[in-house]
Structures are given as C-alpha cells and as structure tokens.
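Okay, here's the structure, questions in a sec.
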C-alpha cells in the first residue's frame, strides 16, 4: 500500500500532466509507472526528479544501455525491490540480454563481497592509488 | 592499520606466490596491491577470490570497461574507500575518461536518490514489471 | 511469515503483559503492533527495546514530531518496509502533514545522492569542518 | 586524495563561477567547500545538484534546521564521513545545539537497531498500517 | 516475480544438474531452493557460487552453526528478505534454538546502533586498536 | 576530529564516572575507549547504551566469543571503521584466532554477495521457508 494514493492522468493538475506528457514523449510510451504517480503528490519533487533523470539518463559519454545497467547494479546493491523491477525492465528495453544481465549480477555480487573483505581486513589504500589522477580526457 | 600484516612476495608461501604470479600475469603488471597481500593470510580465500574476480571481470557479454565501471558504481554506493580508489584506477586503465566517470557518478547518485523515494513512498511494483520476462537472448 | 509466532496479550506472560500495558498507556492506544508481538518471544529484548524507544522518543531538546520524522528518514534510507509503514503512521499521528512528509522524502533522497557523490569523488573533509566544535550549549 | 583535482574559483569557467557565486550568496559566506570544487569537473552535475540542494533545503513545510538534522541523520546512517562533517557544521550554523545533536544521534541509533530487528524477525506489516492514508492536509 | 524463470531439475542441462546433484548430496536433501533455480540461467555463476558456498560454509575453525548464524546476522543487517528466510531455516537445521536466534538478533540490533553512533560522533580509532596484531595462532 | 571533545575520567561528572567504572570493572581493564568518551556528552545515551551492550554481550545461549564475532560481521557489512577496529580487538581478547577471523570474513563476504544475487534476481521465498517455525526450544 503506497503512502499516498496514486494520481492518475485524468485526475492530475496541469503542472503534473505536463510532466507526465514529457515522460511519455521522451520514453515513447503511453504509460506512466507508479513511481511518478506517487511523486505527483509533491509536484516540485516530481518535476525536479524527472528533469534530473531525463538529463542524467540521456546518452552522453556513456550510452543509454550502460547507464541503465549501472542503475540496476546500484538498485540491486541497495536491494530496492521497486527499482530492481523497473530498471531491469528499462535495461531490457534498451537492449540488455539475459547474458548481459547475468554478468551485471555477477559483478554486483563480487563487488559487494570484496567491498566487505577490504573493509573487514582494514586494508589501507595503496600509495599508487593516491597518486595524481590523469589529466582530463 | 590493517587487521593482519601484509604478506610480501618474498615472504609468501609457494601457494600464495602462485596466485600473485597469476594476478601479475593476468593484469600485465609487476605489482600486487594491498588487498591481495592482506587476503594472503588466508590462502583459501585468496585463491577463491582471485579465481572468481578473474572469471567475472574477463570480457564476455559485457566488455572489461563496462564491468569496471559497474564495480566503481557498487563501491561508491557502499562507500568503500579502498574499493573506490582501486577500481577507479582499474577503470581508468581500462579506458574510462573523466567524462565517463562523471556520468557513472551522476547515475549512481540519482539511483541512490530514487531508490529511497520509491521505498519511502512505499510504491508498489507495477503489474507490467511483473509480467513474464522475455525469452533468453 | 514472521520467524516466530506473534504473542497476543491473552497468551502473554505477566512480564510481557507489563510491557504491553506500558506501551498502550504511553501511546494512549489499546493496540499492540506486530513488532512488539514478535519481540515478545525474547522478553529481555522486548523490555530493553521498549524502554529505550520510550526514553529516546519522548520530547526533549527535540519535539516528538521531529523525532518521528527522523525515524522515517532513517527507515527510508535503510529501506525497511515495516519501519517505514509503522513510523510514517506514527509521524502522522504526531502531526506530520503530507507536505511535511514530501519534504522529509526530498531531503532523504538528496542526502542519499550527495552521500555517494562525496564518497565516489573521494572528497576530502575541509579543514574548516575539522576545527574544534563549539562549546556545549 | 580526491578522484579529480579541486577547481578553485580563480581557475573556474564562467559557468562554474556562476554556481559558486550563487552558493556563496545563498549561504552568506565567501567560502566554497570541497564537495562543490570536486563536482565542478562536471558542470552539469554541479549545476543540477546545487539547484536541487538549494530548492530542497530552503524552508518550507519544514524549517531549515529540521532539514539539516534529517540530512545529518541520513549521513550517519550511511556512514558518509564527509557528509557527516559538513552537515553537522551546517546544522550547527542553523541552530542545532549539542543537546539536539545528541537526540538526533539517539534516534538514528535506535532506528538502525529496530530496522534490523523488524527485518530479522520477518515481522509482517500490520493491517492498520496498510489502511488508506489520510486526506492531504 | 523473479527476473528469470526458475529452472527445474527436469528441464536442466547436464551441467546444471551436476550442481543440483551436488547441492542435494551435500545438504542431504532432495530439494533445491529457488535461489539456485534462478542462478541456473547462468551456469558459470551457479557453479562458482555453489563451490564457494560449499567451501566457505563447511566446518573449519568455526563450526557450521556459528557460520549459519553469522550468515543470518549479515542478511538481517542488509535486510535481504530471501536470505533471512533461507538462512534462518538453515541455521535452525544446524541446531539454532529460538533462544540463540533471539541473541543473534539482539547483537545484530546493537551493532547496527553503535555502528551509527560511532560514525555520527566521528569517533577516532584509539591508538591501542591500531597496534600490531598478535602473531598468527 | 570527533564531533564533540572526548571526556576524560578526570573531567567527568559522577554520573559519567559511574558508567566508566562499571565498564572498566566489567571488562577487567583500566582503560576507556574513545566511543564511550564521546557518548559521555550525553549521559542518558551513555548509560543506556552501556547497559544494553553489557546485557546483550554477556554469555547466554551464545558464548561471548560468538557474540563478538557476530559484532565484527555486522560492522564489516556496514563498513564502520571504528567498530571493525574495536570489535576485532574485543573478539581477539575473547579468543578469536586469525583462522577464525578469516572464516568470519569469508562468510561475511559470501553473504554480502548472495544477498545481492537473491535481490537482483528477484528470487521469491520458497514455500518451505514460509512454513510454521518449530516450537520454542
């Protein structure tokens, strides 16, 4: 049961409808998923979050598929059920095959393991890793 | 201060040296970073962890750079200082530019934000996301 | 399915009933929620946890509503479904409006994002932040 | 050692300087902390993050002090060293006394404890908590 | 709804069946739980994960029950519903009584609380804790 | 730099000294570590936290060593530097050998890995794990 009722398009204010319209146009779909319908109770957060997601997830130095797989990796690390379901769907739509998904999961699992081994053994950062970073590419 | 003293190559058992040799050969380097020198106190964990990392991080359905960027994304989400430093270095070696790093971070930040919005609003998973997954690619 | 069966008032030992009675009296309700009914299998943990919660959540330098909103913020960050549901209800009972809830969520989302940006970029703490803290108020 | 060099005002592009100027004007200070100087390598993230923080942390249904204390609570839950240091300083500037800080920490500690007890005991959400939320205030 | 369909024994490849057979033989059971049936879509991850779990969870310096209780403690800390359910069952099978479970949970709760108090108060590690570790036992 | 100055025994109030005395007597040591000296700024939290730790960590259905190793496991999972250092020291004092520490870490690493695989694959809890728990031992 969500904390606030979902706001459907028919019941939405013009401000919220404008965001819904942009989501559907950007994603080439006629469907709004529950996440946005819940945020719609707070139009400021709805608008800001959508603008940020739209900007961040657009292809740039990384393509859209790589970005969606990173989103899945973070969501699996945080164990957010909703986000794993929605971004696995988005990544598949962007071209993620089952073999790619399996490799994302394998890396996520391994990284979560070695993160704790490094912390638990209190491993100090090697001087080499502290050296000046390379010039901006 | 690490929990156990680092084991250098010169002081390592043949079993540990074999792992060190394979790490250096695989990574085309003559250097072993602290993580492995700490794990070396437990040769079983050292060997198993290295074999897993080697297998998982090799190019497959995803290339090595994408895998390293996912590793950085998970480590930043978990806030593991050692792993952020070492895998950012590894990702750079694999070709990650500063622009790519910036986009990885932007996605990581956004995903961590929306993960909590979805949970905090108790958003229910849309039926569409629960539908049968596509056949294996 | 909980790990242990819920212990209802009618089936509770005098020791557990005394805690249930104090919970109901303190909260001015005649109802015990599942969290306590599960802990009741371990009367020592039940008693200690209730005493701590009672002491900590009582108004002090911070009022009860502020404390409940902080509880919601932590629970959303940890993504604990039970605690988000129960403490959102408690915060509403203490006076949290939907507008306040929306702002709590916005801060929680933002903090989770910048926490990872700060860690991922390995930002060092500014000397100004390391200066001696102010004298006790 | 940060992942990218800090960008000082003197070396900043006009786009970055405009953000720095707005940060200093909004916060009535002549100082930019390291977090923004690191983000400055990615002007898009710098600008978007600052605009979001500015919008979210401004007084609204909640006052600025309450918001800063929630930020500290989230940062302590995530154990982000940089964010704990910077937002504890910000909260103090906004009026947080040592007594208030102590109560924030007590709630944070307790919530982190009961979050795990609820999950570990697999406590099911009470029907009462699933009932329809109150009408928007 | 799992991301990939469960692979039953009857539909499994010889490679997957060999792992299933070893799981059942090692655990003296005729039953495979869903975790492995999902991983079976990626035989490499299935095989590697099972070999690691088998090696790690076998009695060594610690007995099997202690290891299962530590597994429960980590899963409760991470709030992984599946893992809490499956490893609580495994720990019970290995001899964990309700009284032991209650003590595991009490320690998990307390550790999660003090972890945040230590971080939130920015407590520095005592020099005594940084001293050289004892020689290997 | 801690958030509040450490309170030494010589400067402590009688209320704080009483807690310090009990810590030293219980632990058979003449030394107070920084965690308690920081909490001492909030005598209520100091007293409550110490009483809880004392009660929870005393031998019961589990011995003191097992409890300390679980504490280390949780702290490594949360990556709390202070707590890893202090509880690894405490566990060693209680009898943890390097071989035991290595096995704790191996389980912690594995559990953190499979927790994410179970979540990422959205594995559903097996009906067998949902069956009624055994009667109280």
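Note that the chains take the letters A, B, C, D, E and F in the order they are written out, and that residue 1 is the start of every chain.
We adopt the following convention: a residue touches a chain if its C-beta (ideal position, glycine included) is under 8 Å from a C-beta of that chain, and two chains touch if they have at least 3 such contacts.
Remember, it's a predicted structure, so these values are computed and weren't measured experimentally.
Contact count check for C-D and D-F (C-beta pairs in contact): higher for C-D. By the residue-number overlap criterion, the interface of chain B with chain C counts as same, with over half of its numbers used by both chains.
One inter-chain figure worth recording: chain D and chain E are separated by 33 Å, centre to centre, where each centre is the mean of the chain's CA atoms.
Spacing of chain B relative to chain D, judged by their CA centroids, is 27 angstrom. Look at where the CA atoms of chain C average out and do the same for chain F: the two points lie 20 Å apart. Contacts with at least two other chains are made by residues 1, 3-4, 41, 44-45, 49, 52, 77-81, 84-85, 88, 98-99, 102, 104-106, 108-110, 112-117, 119-122, 130, 133, 136 of chain B. Chain contact topology: the protein chains form a complete graph, every chain touching every other one. Remark: chain C residues 1-4, 31, 33-35, 38-39, 45, 49, 52-53, 56-57, 60-62, 66-67, 69-71, 73-75, 77-78, 80-83, 85-89, 92, 97-100, 102-104, 106-108, 110-126, 128-130, 133-134, 136-137 touch chain D in the complex.
Chain B makes touch with chain D in their complex at residues 79, 84-85, 88, 98-99, 101-102, 105-106, 109.
For chain F in complex with chain C, the touching residues are 1, 3-5, 41, 44, 48, 52, 55, 130-133, 136. Chain D contributes residues 1, 3-4, 41-42, 44-45, 49, 78-80 to its touches with chain B in the complex.
Residues 72, 76-77, 79, 81, 84-85, 88, 104-105, 108-110, 112-117, 119-122 of chain F are the ones that touch chain A when the two sit in their complex.
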